[in-house]
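Per-chain residue numbering starts at 1, and chain names A, B and C are given in the order in which the chains are listed.
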Amino acid sequence: MSTHALTRHPTPSFKAQSHAAVNNPDLRQSFGGAMDFLQAKRASQFPDPEGFAELRRLSEAVRRRCLAKLPDLLVQLETQLTANGIHVHWAETPDEANALIHGLIAARKGRLAVKGKSMVSEEIELNAYLEARGVTAIESDMGEYIVQLAGEKPSHIIMPAIHKTKADIAALFHQHIPHAPYTEDVDALIQLGRNALREHYRQADVGISGVNFAVAETGTLCLVENEGNGRMCTTLPDLHIAITGIEKVVEKLTDIVPLYAILPRSATGQAITTYFNLISAPRQPDEKDGPREVHLVLLDNGRSQAYADEQLRQTLQCIRCGACMNHCPVYRRIGGHAYGTVYPGPIGEIISPHMLGLEATRDLPTASTLCGACSDVCPVNIPIPDLLIRLRQEAARPPSDMPLHPLQGQGASYRLTTAWVWRLWAAVYGHPVGYRLFSWCATRFRRLTPRRQGGWTAHRTPLIPAAQSLHEQLQRRRPTAPAAPESHRP
Amino acid sequence: MPPIASPSRPTDVYFFGTCLLDLFLPEAGLDAITLLEREGLRVHFPQGQSCCGQPAYTSGQPAEARSVARAQLGLFPQPWPIVVPSGSCAGMMHRHWPTLFADTPDHAQAVAVAGRVVEFADFLLNVLQFARHDHGDPTQVAVHTSCSARREMGTHLASEALVEQLDNVTRVSPAREAECCGFGGAFALRHPDISGAMVSDKAAALQASGATTFVTADAGCLMNINGKLGCGTQPFAGQHLASFLLHRTGGQA
Amino acid sequence: MKTARDRILAKLRAAPVQPPVEPDVAGYYAQHTPPTTLPDRLRQFSRMMRAVHTELHYTHAHGWPTLLARIVRDKNIGSVLLAPRTPHGERAVVALSQLDTAPQLLTFDQPIEAWKDQLFNGVAAAFTGSRAGIADTGALVLWPDAEEPRSMSLVPPIHLVLFEASRLYENHYHAMTAEGWAQGLPTNSLLISGPSKTADIQQTLAYGAHGPRELVVLVLLPDDLDPATLEVQP
């Protein structure tokens, strides 16, 4: 990977950002409410745990099979798309992807691009790249549009403006949309956004979109959405450029059935989205609308690094539903921006290190209690806590122990002092004599235990050892007599 | 009718006290042992035990986790169940030890030992079919289950069932019952603000649930939530499931 | 010089090989699709479609043009975009022309570039056919072509759709396999399950985000199926 990735999303200290976020009562309240809402919606779609488990087993199996064949499927996808008249491009890095996309637009003298929701385009910071080269890129997903007007980044992969209140949006629209009155009525706000964006659709010469599934068998790009903005972007401008990560390819058309069945249920608690858009070709000679040129950009950006490791490869099973963040107790309390990365929450913690390197993201794998709420709801059964533990290991890996296929930034959290603390801990807890001596001291000198215990006592009473350990008490204890069976409940 | 002892009901068990219980909550360990003995079991406590290795394992220090876990492997030579009164430690031993020792000479032993590890509430309910008279006054109780115990061992069902079968106890469900209390081992020290926010919410939800106390079979969660509650002015506090069950059902045999 | 394509593929091919395990998609859907009758499927379809604000009417082969005309009249629709060269478009033209105040009838007979402004601002509704329907989640399958281009179901604020109930499948899998989609997809095919919507402002659901504000489905029942039996849950 190139070095620019480290500066592309400079992760401002996660600690500082999460500290600020967790102490912001408005943010806590808005995220808390939104997460309760999304959790309840999802739960309503899976009333039967066994039914969910079965569909998830199938979805996981589909994703695993597709990943097992990934290089072959990418080639097949390319062949099939090309046969259908869709151009395929490959990019290893965000810079390559940006340059490719800008090149396509510049060749057609494009000036105005409308964009459907695409986290991969966020990943490469496409808007800024195009803007700097005279191409205006308008986000058209209502949430993305709001976030763009505010000059911010999405705080959630499915609901980008989840951190904004009606009043925030009312003020934004009033300020940025010509002649828009100030209103906090949601229907009225949506109409304001609709009218402004429909002007852009009408005028745009380029449409940019993401892809939810790319079907190798038929050469089809699938887009999942409710708003219709994705259809606008992929139907009206004469040039459509889709961008996606290399892991999004599926083998067969029937593979999308279970994945599309479980995606909206997991994401927003909908049985189905308003639109499921399958694009298989550019406009044909007898057709009267649709883009005359369709391009797909396949982006690596660290995905092949995750792929190179059989355990970490599971990261790529993700279908980007956002259920992990909706159920994450950490995300709930700090929101999406505190992570400092495009993908927040649990999926961000496991995917960002591959995109940005462990040096820039070393705090992210630690931002979890490993409670597993994420893996419980993951529609493709990614063992997120196990992957977090693995990434913690890789971040802490000592320089003397570097494997053949390294992860970028491996060993970034390694500190000699920390390593010695753990070695000391292992020496004490790994030897009965050492442990006995330690616990004897800790209990006998319990009154000397510091009353201020770092982060622990910021919110809790100090931990004071008991006067005698369980070990000691049991050495003196005689077993109680076995109970008489008649004391059992009748 | 006394319950018919299950055919797999052992006469002897090992007790793995866990490092947190050992140093900070030894009474809970004693209560758990007393309960087991009252059910007619001989309880063996290998004095060489210390810790399952989880703190190092979840901190990304597998070598240190392995060396501490290895020191425990030889302590359980008899084919008896190894009862662990803390859900997350039981999960570490049962689920993660085989992975931790993969590709090492100790793997077979680790797998064999891990296979005998059973969480305390699970054991009490499903192996011993614990069912005793409730001697306490009518009360309402909330149950908190450690997340890893819930996820890796499914033990929330056992803890809840044990509480629910007490005649005078009504189990209440606090808001967001299954949500993590924010302990997470080193997480509580590394991200004190987030952990603090989580435990504050958990403590508040437990207090608002109508329960007079809460019980849990996990020492980490208990110390975390009680540590938070101890900063408040209400006399509300939680206790280990073993202590609660023992006291409700008549104390020492 | 090696291209990005070569480098990416080389990295992927160098990774450990995990033998692929074939998931049983067909088996899953065979097992999870209890036999249903058309009325069962129609009730489920209607329940799901109406739950997402689709306006749904039952009708029969002989009566639907009258129903369409009545809907257009009741909604005060001033202009309808349709495809008069399709059989259903032809009948719609006849019925709509007979209205007292007939709406302006428009045809998508030139490329979109030639009349984009009018399409955006001068068309109140579009009337199209549909290829199939999906009962379990509720969805229409649209298969736009030269006669009924894809923007007909997208740009006008009201989308009127004719749907033949005999083409209602149990689920997505059955529709896809029974119709052999993998053997030939059009430029663009779609599942549509309601009017355009968003919940991006404080999780408040609002309809008419970008596309149609209203989706009106005329379900063409077999002649021997009485709509009254479908409206009552047995």
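Points worth noting:
To be clear about the criterion, a contact is a pair of C-beta atoms (placed from the backbone, for glycine too) under 8 Å apart; a residue touches a chain by one contact, two chains touch by 3 or more.
Worth saying up front: this structure is predicted, and the values here are computed from it rather than measured.
Chain contacts in this assembly form an open path, with each chain touching only its neighbours along a single line. When chain centres are set by their Cα atoms, the one at the greatest distance from chain C is B. The mean-CA centres of chain B and chain C are about 54 angstrom from one another, to the nearest whole unit.
The centroid of the Cα atoms in chain A and the matching centroid in chain C are 31 Å apart.
By the touch criterion given at the top, residues 15, 18-19, 22-23, 28, 329-330, 333-334, 365-373, 375-376, 389, 391-396, 413, 422-423, 425-426, 428-432, 435, 439, 442-443, 454-456, 458-461, 463-466, 468-471, 473-475, 477, 479-490 of chain A touch chain B in their complex. Those residues of chain A that touch chain C in the shared complex are 33-34, 37-38, 54-55, 58, 61-62, 64-65, 67-71, 74-75, 90-92, 96, 140-143, 146, 159-162, 164-166, 169, 186-187, 189-191, 193-194, 197-198, 201-202, 217-218, 220, 226-229, 231-232, 234-236, 238, 246, 252-255, 257-258, 260-261, 268, 271-284, 286-290, 298, 300, 304-305, 307-310, 313. Listing the residues of chain C that touch chain A in their complex gives 3-5, 7-9, 11-26, 28-29, 32, 48, 52, 108-113, 116-117, 120, 136-139, 145-146, 149-151, 154, 171-173, 176-177, 181-182, 185-204, 206, 208-212. Within the complex formed with chain A, the residues of chain B that make contact are 1-3, 17, 19, 21-27, 29-30, 33-34, 37-43, 45, 47-51, 53, 55-65, 67-68, 70-71, 131-133, 147-148, 150-152, 178-180, 182-200, 223-224, 226-228, 230-231, 250, 252-253.
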